[in-house]
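For reference, the structures are reproduced in the following blocks.
In the two complexes that follow, chain A is the common piece, with chain B as its partner first and chain C second.
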Partner chain A sequence: MTLYLIGIAPFAHADFWLGVGIVAGIYSIFTLGLQLNVGFTGIVNLGQAGFMAIGAYAMAILIVTYGWSPWLALPVATLIAMLAGVIVAMPAVRLRGDYLAIATIAAAEIVQSTAQNAISLTGGNNGLLGFDAAWQTIQVWLLGALSTIGLGDMDQIPLFAVTWITFAVLLAILVTLQHTPWGRVLRAIREDEDAAEALGKNAYAYKVQSLALAAGIGAIAGYLLAINITLIYPGTYSADFTFIGFAILVLGGLGSYSGVALGSVLLWFVLEGARFLDLPLSADKVAALRLLIVGLVLILVMALRPQGILGKREEMVLRG
Partner chain B sequence: MRPPRHPPFLLMLTTASSLEATPSETAGLGLSTGVRGLALLGGAAVVVLILIAVKGYQPAAQATANGLVAGTYFALGAVGLALVFGVLRLVNFAHGDFLTFGAYAALLANAFFRLPIIVATAIAIAATALLGTILELAIWRPMRARRAGGLQLLLIAIGLAYVIRNGIQIAAGTEPRSLQVDVTSAVSFMGGIRLGTTELTVVLVGLVVLVLVAIMLSVSRLGKEMRALADNVGLAEVAGVDTGRVIIATWLVAGGLAGLAGVLVAAAVGVLTPQFGFQLLLSLFAATILGGIGNAYGALAGGLLLGLTQEWSTLFIDPRWKLAVGFAILILTLLIRPNGLLGRPALK
Partner chain C sequence: MADGIAARHEQGHEDLIFAVRDLVKGFGGLMAVDGATFEVSRGSITALIGPNGAGKTTLFNLATGFIKPDRGAVEFEGQSVFGRPPHAVARRGIGRTFQITKALAAMTVLDNMMLAAPDQPAERLLGLLIHPLSWRRQERSIRERSMELLERFRLAPLANSYAGTLSGGQRKLLEFARLLMAKPRMVLLDEPLAGVNPVLGQQILAHVHELRSEQGITFLFIEHDMEVVMNNADRVIVMAFGRVIASGLPSEVRNDQRVIDAYLGAHAEDVA
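This part shows the complex of A and B:
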C-alpha cells in the first residue's frame, strides 16, 4: 500500500480505519484501568495485561470447556479477574512504588507462564477458540440492521460501536465515581497517604479496591480483544500490552479519563498510519518499529511534557 | 495451581530465621553482611545435602551445576541493576536490554567481523559501558537536574528498554543467532556432572569476575564511594565524595557487567534473540530483590541463589515452570522479607 491510495480513495480504507478504531477503543478501555490506578490512586500497576488475560481466559474456559451461557460467563469472569486483582493487591499495595510495579509485572508474567504451560486448561500456545458464538449471532443481526441503511458491507461497524459504547459507559461510571467521596479519598491517598489515614480513611482498603476495579476493567478490554481476533492465546496478553497502555496514558495525560481516548486514538493513528509509509522493512521489523515508537513516546512525553496533553502537572505522583 | 513443597520455601524459612538474630543491626554492609552471606552459603549447602538425600547424588549435583551456570549470569546482570538503584534510586527497566546490547555487540564483532570471542567480549563490555554512560549524560543527568519524579524516571527507563530492544531488532532482525563458540564438546566431572565446555567457561569467568567485583566494592576507594552514595547521598557528599564522578563510574561498571553478562548468556544458552534481555529482566529484578535491592553484595548472592533455586525446582516440577518459580520467589521475598535476605531490616 502506498500513500497516494489515501488521497484518491479515502473510503476504500474506511474498513481499515474502523479496525484501527476498534483496537484504539480496546486500548482505551484497558488504559482506563491504568488511569484509575496510576493517575488517581498513585499506584503503578504494571500487571494490567495479566488481569486482562485472566478475564479473557476465564470467560473462554467457562464458555468453551464448561458450556456456560456467555451472559453468565461474562460477569463471573469479570469477578474472577477482580478477585485476582484483590489477591495481587493485598500484598502488593503495602510495598513502595517501584517494588509494587515490579511485583505486579511479576504477577502478570506468572499469568503469562500459566497460559503457556497449563495446556489442559488454556490450550497452551495454541490458545482457545469458539467462545464467540453469541457474538456472531449478534453481529449478524446488527449487520442485517445496518444493511437496511446501506452499510451492510462495513462488517467492522458492530464491534466498533460496541467497543466505544462500552468505553463511554465505563468513562461515565469512572468520572462519576471520581466525584463521589470514594473518588476523593483515592486522590487524597495519592497526595498524602498519612494525612488520609489521619482522617480515619483506610488507605490500604481503598488501594486494594482501586486495583480490583482496574482488573475488572482490564477483563472487559480482554473480552473485546478476544472477540476482535477470535482467538485467545498467550502472546496477545504480553507485557507489551501494558506498556503500550502506559504510552497512551502519559500521552493523554495522567489524571484525565477522557485523555485516555485521545491518547489511544492518537497513538494508534500514528502506529497504523506507519503502514502507509511503504517502508523497505520486513513485517517483523515494522512490528519492531511500532514498539520503538511506543518507547519514544514514553521517553519524549515524560522528558518534555510529563503531564501529557490533557493532564495536570500536579497530578503526577509516585508513592516513594 | 497448588505450589509443591520444594526447597525455595525451605531455604527461605531457614535463612530468614537465622537472620532474625540481628534485628537491631542498622549497618547493612560490613560484618553483618558477611555473617548473613555465610548463613546463606550454609543454607544452600544444607539444601544441596537434602536434595542429594532425597533425589540421589547425580540429579541433585547436575541441577546444582546448572544452577551455578544460570546463577553467575543472573548475578553479573543483577549487580549492575543493584548499583544503579543504590546510587541513583533508579529502577533501570532498560538493564535487561543492556545485556541484549552487549550480546549483539559481541555478535557483530565475532560473527560478522570474525574477531576472536575474547576480543568480541571485550568490545561488548566497552560498548555497553559506553551506552550506559551516554544515556546518563543524555537523559538521566538532565532529568535529575529538572528534579524529575520517580514515575517519570520509571517510564523513561521503560521507554529506553523499548527503544534499545526494538532498535536492535530493526538492525539485526528477529531470527535466532549464535556466537562462534564451541557448543558440542562437554566435560564430565565429580562423578557424573556433565557441562558443556562453554558453560564451564561461562561459570569460571563469571565467578572470577564476581569475586573481583566484590573485592572492588569492599576495598577500592571507588567501591567504597559507591556504597557510601548508595547508603546516604547527603552524608557521602559532605564526606567529600565526588558524586558526578561516582555516578559515571557506576554506569561504566553496571554497563560493562551487563555487556559481559549478555555475552555469557548468549554463549551458555547457545542462541540469542533481541528479546532475551527483557525476558531476563524480571529474573534480574528477582535476584536484586532477593539480595536486598540496592545492595550490590546482596545482588551477587541473590543471582546465584535464584539460578540454583530455579534449577533445583526442576527436580520436582516440570522445567517449563522454571521462570514462574523465579517470579514466585520474587513475590514471596517481597511479602516475607521485603528488604531481601541480605538487606538491612525495614527502614521506612
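This part shows the complex of A and C:
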C-alpha cells in the first residue's frame, strides 16, 4: 500500500482550518469542565455531554419557544445546566470511582433519550432551529468590520474568535480559582477524601460544586456547538463527545487547564489533517483510518509522555 | 460493664470531654463494636488497647463519623456527635490520624498544612466572592502558622516538597502537625508509633506530652506496645470482642485477669 501526502498549502485551506479551530475550541471549553472534575477533584464525570445538551436545549427552547432575548436565555440556560449538575451530583457523588462514572453516564443517556422523545419540547430527532438570529446579526456586523481589512470573505473568523476568547476567559477564571483556598480543598479531595474530611472539609459539597460548575462550562460549549452547526439535535450531544473529551484530557495532561487547549488542537489537527491523506481506499475506510491515526497518536503520547503534554509527571507518579 | 459504671463514679469530679455509651456497630453477622462504653477526661492521655480485632479502629471510625454507628451515644464536650459526618465531627474539635498515614501525596507539605486551617473563609466559593482580596491576608497568617508548626516538627526544610516524597516517619509527623493546624481540643491517634523507628517514636510521644501541657489537648491513642502504654498513658481502656472489658490506671489494668485472658485468648466465654 502506498501513501501519498498531497501538498497542504496552509492558506489554500484557511477556511477549513478555521472551522477545525472552532471545533477544537468548543472541545477545549467542554474539556475544561472535565479537567475541573477529573483532574482537580478526582471525580470521573462521563456525563458531560448530557450537561452540554441540557444547556443548549434550554437556550434554544427559551429563545425559540418562549421568545426570550438570547441575553437573558444564555445565563438562565447556564443556570439550568448547573442545576442539572447539582441534581445529578447529589446522589451520584456519594458513590466512589467507577460507580460515580456509571451514574453520570446514565444521567447523560437519560438526557439523550429525553431529547429524542420529548418531541413537543425538543423537536425530537428533527431538532431545533432558529435560535441563532442574534448571532447572525452579530456575525454580519463583525464580517463588515473584517471586510475593512480585507478579510470579509473569511466567514468563520467571528465564531473562531468568540470561541477562543470564551475559552481564554474561562481558562483565566478556572486557573484563578485553582490557586485559591477553594481550589486547594478540591485538590485535597482528589488526593484523599477521607483525609480532607478528617480536617473538617465537606467533600460532598465540594464535589457537588465541582460537577455543577463543569455542567455550566459544558452548557457554554453547547451554545457554541449549536451556533456552529446552526441546529440542535440529539445526535450532536452523544456520549462520543465526552469520550473525545477524555482523549483530549489524556493528551493535554491531567491537572493542567492550558493542556486542554493543546490536547484538543493536537487531536483535531491530526483527525482533520488525515483527510488530506490520499489513499486508494473507499471513503468509509479512510474515515475509520483517521480515527485509527488519532488512536496511534494517543498511544504514542501515553508511551512517551504518560503525564500528557502539560501534565506534571511527578504528581502523576506520586498519585500512583 | 459494672466496672465501667464504677470507673465513671470514680471520675465523677473530673471534667469529661468525651464519652461513648453502649455503642454498637455490626457488619452483617459480625458485631465489630458491641456495646462499648467509656469516658475520657479533659487533658488526659488515654490509651485504647486490646487484641487484634477487638474493634479499636472501628470505634475510632464510629466516633469520628467515618462509619455510621447502629446505636448508642457519642458525646464530645457535652454535645452529641453520634452519626455526624466526619467533617462535622472534625469542626467540633476532634482531630484524628489514620492507621495508614494519609499524606496528600501530590500536594506540597506546606499545602498539606495550610489546607487544615479552619479559619479561611475563601475556602468557600461564597467566601471567595465576599472577600475577593482580604483572603490573601488570611493566607499569609495561615502560612506563618503552618511554618511555625513545621519548624516544631522539624519538617520546615521540606515545606515545598511533595508530601508523597516524604519517608514513612516524616509522613507520620506531617499528619500529626497537619491535624494541629485545625486547632483540635481532642486528638485521636490510631497507632501513632506503628512502623516508626524508636527515636522518632520518642519524638512523637514527646510532642503528645508537650501539646497536652501547653495547650491542654486531650489525647486518645491506640497502641500495641505495652511499654509505651504503661509509660505514657494516664488511663487505659481495654477492648475485646467489641466491648470495653476494663479501664483504669495503667497499673490497675496491667494486673487485671480479664485483660490478661483477653490477650492470651483464654477463657473467652468468661470475658464476654
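The rule is short, and it goes like this: the second predicted complex is superposed on the first by the 275 of 320 C-alpha atoms of A that agree within 3 Å, B and C clash if a C-alpha of one lies under 4 Å from a C-alpha of the other, contacts with A are read in each partner's own complex, and residues count from 1 in each chain.
We take it that a contact is a pair of C-beta atoms (placed from the backbone, for glycine too) under 8 Å apart; a residue touches a chain by one contact, two chains touch by 3 or more.
None of the values given here were measured: they were computed from a predicted structure.
Enquirer: Once the structures are superposed on A, label A:D284 by its partner contacts, choosing first (chain B), second (chain C), both or neither.
Expert: In the superposition, A:D284 contacts chain B only.
Enquirer: With both complexes overlaid on chain A, does A:P181 touch chain B (first), chain C (second), both or neither?
Expert: Only chain C is touched by A:P181; chain B is not.
Enquirer: Of the partners chain B and chain C, which touch A:S258 in the superposed model: first, second, both, neither?
Expert: It touches nothing on chain B or chain C.
Enquirer: When the two structures are overlaid on chain A, which partner does A:S238 contact: first (chain B), second (chain C), both, or neither?
Expert: neither
Enquirer: Can you tell me whether chain B or chain C touches more residues on chain A?
Expert: Looking at chain A, the partner in contact with more of its residues is B.
Enquirer: Figure out whether A:T65 sits in contact with chain B (first) or chain C (second), or with both, or with neither.
Expert: neither
Enquirer: Of all the chain A residues, which ones make contact with chain B and with chain C?
Expert: 316, 318, 320
Enquirer: Using the touch rule from the top, collect the residues of chain A that touch chain B in their complex.
Expert: Touch list, chain A to chain B: 38, 44, 91-92, 95, 97-99, 101-103, 105-107, 109-110, 113-114, 116-118, 243, 246-247, 250, 281-282, 284-285, 288-289, 291-292, 294-299, 302-303, 306, 316-318, 320.
Enquirer: Can you list the chain B residues touching chain A in their complex?
Expert: Listed in rising order, the residues of chain B that touch chain A are 1, 91, 139, 142-143, 148-152, 154-156, 158-163, 165-167, 169-170, 173-174, 274, 282, 285-286, 289, 293, 318, 320-321, 323-324, 327-328, 330-331, 334-335, 338.
Enquirer: Please give the residue numbers of chain A that touch chain C in the complex, ascending.
Expert: Residues 177, 180-182, 184-185, 187-188, 190-192, 194-204, 209, 314-316, 318-320.
Enquirer: Going by the contact rule at the top, pick out the chain C residues touching chain A in the complex.
Expert: Against chain A, the touching part of chain C is residues 64-66, 85-87, 90-91, 95-96, 98, 102-107, 111, 114-116, 118, 120, 122-125, 128, 135, 139, 162, 164-165, 178-179, 181-182.
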